[in-house]
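Some structures are shown below for you to check.
Presented sequentially are two complexes of chain A, the first with chain B as partner and the second with chain C.
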Partner chain A sequence: MNKSRTEPWLLVLPVMALLVIAFVIPVASSLIASFTSTGSPGFTLANFSDFFESSVHLTASARTLRMAFIQTIASILIAVPLAYIMSRLSARARVVMMIATILPLMTSVVIRTFGWVILMGPSGPLARIPGFLELSNSHQGLLGTELGVNIAMVQVLVPFAVLSVLGVINGIDVRLQEASRTMGASFLRNFWHVVLPLALPGIVSGATLCFALSISSFITPNLIGGAQLPVIGAFIYQDATVNGDLPFAAAQAMLMLMAVLITIAATNRLASSRMK
Partner chain B sequence: MKRRTALIAFTSTAVLASLTACMPGTGSGSAAGAPTELVITTFGGDWQKNFTDAVVKPFEKANNVTIKQVTLYSADALAQLQAQKSSPQIDVVFFSGGQEATAARDKLIAPISASSLSNGADLIDSAKSGLEQGEGPVIQISPVGLTYRTDKIDKPTSWNDVFDPKYKKHVAFTDLSNSYGTLGMLSINQAKGGTADDVTPGISAMGQAAKAGDAVVIKTSSDLQQAFSSRDIWLAPYAQDYAETLRKAGQPVEFVLPAEGSMASFITANAVAGRANIPLATKFIDFALSSDVQAKFVSGMTYSSVNQKTEIPEDLKSKVVWGSSLDKLQRLSGATFGEKSATWLKQWNEAIAQ
Partner chain C sequence: MADLEILDVRKTFGDIEVLKGIDVHAPSGSFVSLLGASGCGKSTLLRCIAGLEAVNSGTISVGGEDVTGLAPEKRRLSMMFQSYALLPHMNVLENVRFPLRMRGKQHGTKTAQRELAVHALEQVQMDHLASRMPRQLSGGQQQRVALARAIVGDPRLLLLDEPLSNLDARLREDMQVELVSLQKRLGLTTIFVTHDQDEALSMSDQVILMRGGVVEQAGTPEELYARPATSFAADFLGAANLLSVTSDGVRRARLGSAVVPTPTEFSGDVNLMIRQEDLKVNNAEGLDSTVPAVVTARVFRGSELLLVLDAAGQEIRAVAPVSTAAEPGTEVTLSWNSRQSRVLAK
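After this line comes the complex of A and B, so read on.
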């Protein structure tokens, strides 16, 4: 009896240890660091006041949130129909679609983004479209524009959204849909009133995942948007590695973590009220 | 239970064994007559390859030493020296970002006098200007100048050409998070009448150009290569040795030192204080300063020579800064850089961000 109670604990022990070593301790030490200063001893709020007084950081935060929001909506809009179609395909076709969805994840983000840089830049095929180069004020096509970053990021995010939505849609009893269709509901009505509400948990978790990934990304925004469209992740990297100001970088990371936590709490609340 | 104990015993033995193996002094002891060992830092990659062929191998052969290279970039190397102050593990350390100023101030490196170097008299002034403060001599110079597409534009002559309306939308600046970006900004700033204490003339002119879309801002050397190859960039302030990298990648580019002169990146070689074999380390550094070795830095890495006696091959005379032009190169002191770089970066971010 005793043994059967300790065994589950033993099984979760490795992951708990990993979480503590790789997540709890680093986040806690970042939290502490964010209230310190490189120059002087003791605790201070200076990092946070510096942040809220810096127009560059505030603009970058607003840009980060705005782009994360747009990218999440776009990824979900693409992922939900795709996942629905995939759930209704034959097993073989579904495997093919699944591979097509997951395959981009096998390539490094840097490589994929360099592909976009060539495609979106002045030497790419799109540059032949009249007016394309003028999309950025430096005549670089989509490079250096938020639209360019959003497009490249959505490509990164869609697989994550598809996977979380598909998991839930696959679990929906097909007979419910059959029932609604035999009762005379159109394809769209069935999708809207039966599939979508039941898929909501998957959509919420997919959206949360996309939002968290987007807000913390800096490689793609850096390569496509460049130095002139900084996101908050880029500033954290810069303050940590170039300026060596770890406390200030930690403070920004904590603010970002807070933004993610608030979003998760808000979407969960919204979703649970809808699902009731 | 028994099995668990056995496992614990085994693991701890293994851990202990690996710990002992890491300890200095144990393991391979140095027997008498065996070659002495020098530990030097390296920047890795092509730099290490060139340095190994030009300096390490010939020196090992001539002096019956083995040289161990440890990959450490300048800031990390300085941090290691500080951490190992009581028992240093490195003999020769290379700095590219002015860290020798801090290292000399903190007595982490041993002073080298010009008279103790057989090549001392042949060095250009800027290579030995730090010796009096206890810094090591400069062994390599990479000037910052203008890299331009020869098929698109005429040879530029002034830093102000980056603001020429003819080249609008075809200029790339490098972000200040990159040290060459900083040196380029300071050079433009000087041409605009600014100083290290007042970088506003340079930063505001560059910021205006960037915000108007007349210039793009790239972040790394690989971004620069891409800017020239696929972003229709014709002109960029950057380092002399990187122009050669671009040429090797097939870009039709040349490098020019603007008339106003410029800042340059100076790589110093320093003997670490408190090590047993400082005379040998000094001899090693001296060897790297000889005209033969310097010629290999010039031909292999497109650096400028610090030794006046170095023969510059004809085909490289248009590609590297040499002779009296070297006087136009200025050195940014490590102290100034350490003190101001964060402020410069902040001002820069505000000027370029949209």
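After this line comes the complex of A and C, so read on.
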């Protein structure tokens, strides 16, 4: 009796240990660090008051959140139909599509972003499209614009969204869709009334994943957006590594973590009320 | 309500020909069973009628309209699945309203659709559970909801894919009776797929016996039971004894050392079919055929005995009154009326 109760715990022990060492301890020490200061010892709220008094940081936070929302929505809009089509393909075609989807993840984000820099730059292929430079309103093509960052980030995020949604859509009983078709639902209405509601858990987890990845990214926003469009991730990176102000970096990281947690809670509440 | 006409339908999956030229006619308001063992093509045929599979050739018409190339949602028929396929994210009422909602216009406002859905639920005595979710229902209740969803809004054709096979024996018998009375009350043309011969015989106006992608025999249940055209049909529809006999002159067959009359002329080796219930043990009164046999096993079935006997090296099964003295090893005589036997090619 006792043994059968301890065995499951033994099985999750490695994961728990990893979680504690690689997540709980760093987050906890960041939390503690965010209430300290490099100058004076003891507890202080100075890091947080500095943050909320800095218009640069507040603007960057708003930008980070705005872009994360746009990128998440765009990634889901692309990923859901793609995952649905993949789920209806033959086994062989599905493998090909899977590889095509995952392949970008095999390349480093830096390499991929440089690809976008070339594509979006003033002498890149996109710039040859008539009216492109006028539309993007700069001498640098899409570089240095939020649109450029969003496009590059969506390319990073879509595979994660597809994998999340595909897992759930694959689990939907095919006969439910056949039944809905015989009951008079067209392909699109079947998608809207049957597939989408049943795929909601996958969509929610995919969106949460995309949002968390987007809000914490700084390489792609930095390389495409440049210095004009700083995101919070870039500030944290700079404060922690260049400016040596670890407590301030920690405070910003905590605020960002809170933003992610609030968004996840809100999304889950919304989704669970729909899934009842 | 409409009739169904299937002409020379063929269907292949890869290299395998699953339907090899099927012809079926189901008159308006009739209950037609597609009966056969698994792999005979009956389910594929049903899916072709529903439009879930495209046929390679042939035509399918409903009420005179050729629907062969139409998408499933445009055929205006309804199908009930073996797994019921209730939509898990909708309650019972919304599940039953779903076909009305999808077909839209002709079924009026939301309120009117709800009334129709409730009416359909009343037909299967499930209106009191209208606000439940499918997962809160038992298997039998889910099935009734699926049935209500299949009959709502007057479909032209009701397709049933082994709907009773997931129920326990008692519930299944109740549902057989209820399904047929509902079908007759609503006058729905119904195509019923089953592998259970008792189900097919007891429920249908017409039985289509399928085997290996072709129609083996079609007719009323009485015709198929009394006059099977082949040994396969005889064996599939109610357990029949098929005795291997050889020609012994005009309307006579040799079975071991015994010679029995046959209802029709034949030559060479054939099967002589005799139903279990047509055999009498140690009672030849008024019967013209008799063979000696030895009891090898005796199974008590409550109201009757099932006897397994050996006659000239061939196994025969017979039902007998419980009072019959027939312990294993007993020698008995088996008698029947030759008019109730049938000569069938091997």
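Basically, the second predicted complex is superposed on the first by the 271 of 276 C-alpha atoms of A that agree within 3 Å, B and C clash if a C-alpha of one lies under 4 Å from a C-alpha of the other, contacts with A are read in each partner's own complex, and residues count from 1 in each chain.
As a working rule, contacts are C-beta pairs under 8 Å (C-beta built on N, C-alpha and C of every residue); 3 or more make two chains touch, one makes a residue touch a chain.
Just so it is clear, the model here is predicted, and its values are computed rather than measured.
Q: Following the overlay on chain A, give me a clash-or-fit verdict for chain B and chain C.
A: These partners fit in the superposed model.
Q: Going by the contact rule set out at the top, does A:A179 touch chain B (first), chain C (second), both, or neither?
A: A:A179: touches chain C, not chain B.
Q: Which partner, chain B or chain C, touches the larger number of chain A residues?
A: On the superposition, B touches more of the residues of chain A.
Q: Report for A:S273: first if it touches chain B alone, second if chain C alone, otherwise both or neither.
A: A:S273 contacts neither chain B nor chain C.
Q: Now for A:S90: first (chain B), second (chain C), both, or neither, which partner does it touch?
A: Neither: A:S90 stays clear of chain B and chain C.
Q: A:P197 in the overlay: touching chain B, chain C, both, or neither? Say first, second, both or neither.
A: Touch partner of A:P197: chain C, not chain B.
Q: Given the touch rule stated above, what does A:Q140 touch, chain B (first), chain C (second), both, or neither?
A: First partner only, chain B.
Q: For the overlaid structures, how many degrees, to the nearest 10, lie between chain B and chain C at the C-alpha centre of chain A?
A: Superposed on A, the angle at chain A reads 150 degrees.
Q: Please provide the least distance in Å between a C-alpha atom of chain B and a C-alpha atom of chain C in the combined superposition.
A: Superposed on chain A, the two chains' closest C-alpha atoms are separated by 47 Å.
Q: Overlap the chain B and chain C contact sets on chain A and report the shared residues.
A: none
Q: Quick check: in the complex, which residue numbers of chain A touch chain B?
A: These residues of chain A touch chain B: 54-56, 59-60, 114, 117-118, 121-124, 136-140, 143-144, 222-223, 226-230, 238, 242-245.
Q: List the residues on chain A that touch chain C in their complex, please.
A: Touch residues, chain A against chain C: 173, 175-176, 178-186, 189, 193-194, 197-198, 275.
Q: Which residues of chain C touch chain A once you look at their complex with the stated criterion?
A: Per the touch definition, chain C meets chain A at residues 50-52, 71-73, 75-79, 81, 83, 85, 87-89, 98-99, 102-103, 149, 159.
Q: Going by the contact rule set out above, which residues of chain B touch chain A in the complex?
A: On the chain B side, the touching residues are 75, 169, 175, 177, 210-219, 223, 226, 229-232, 341-342, 345-346, 349-350, 352-354.
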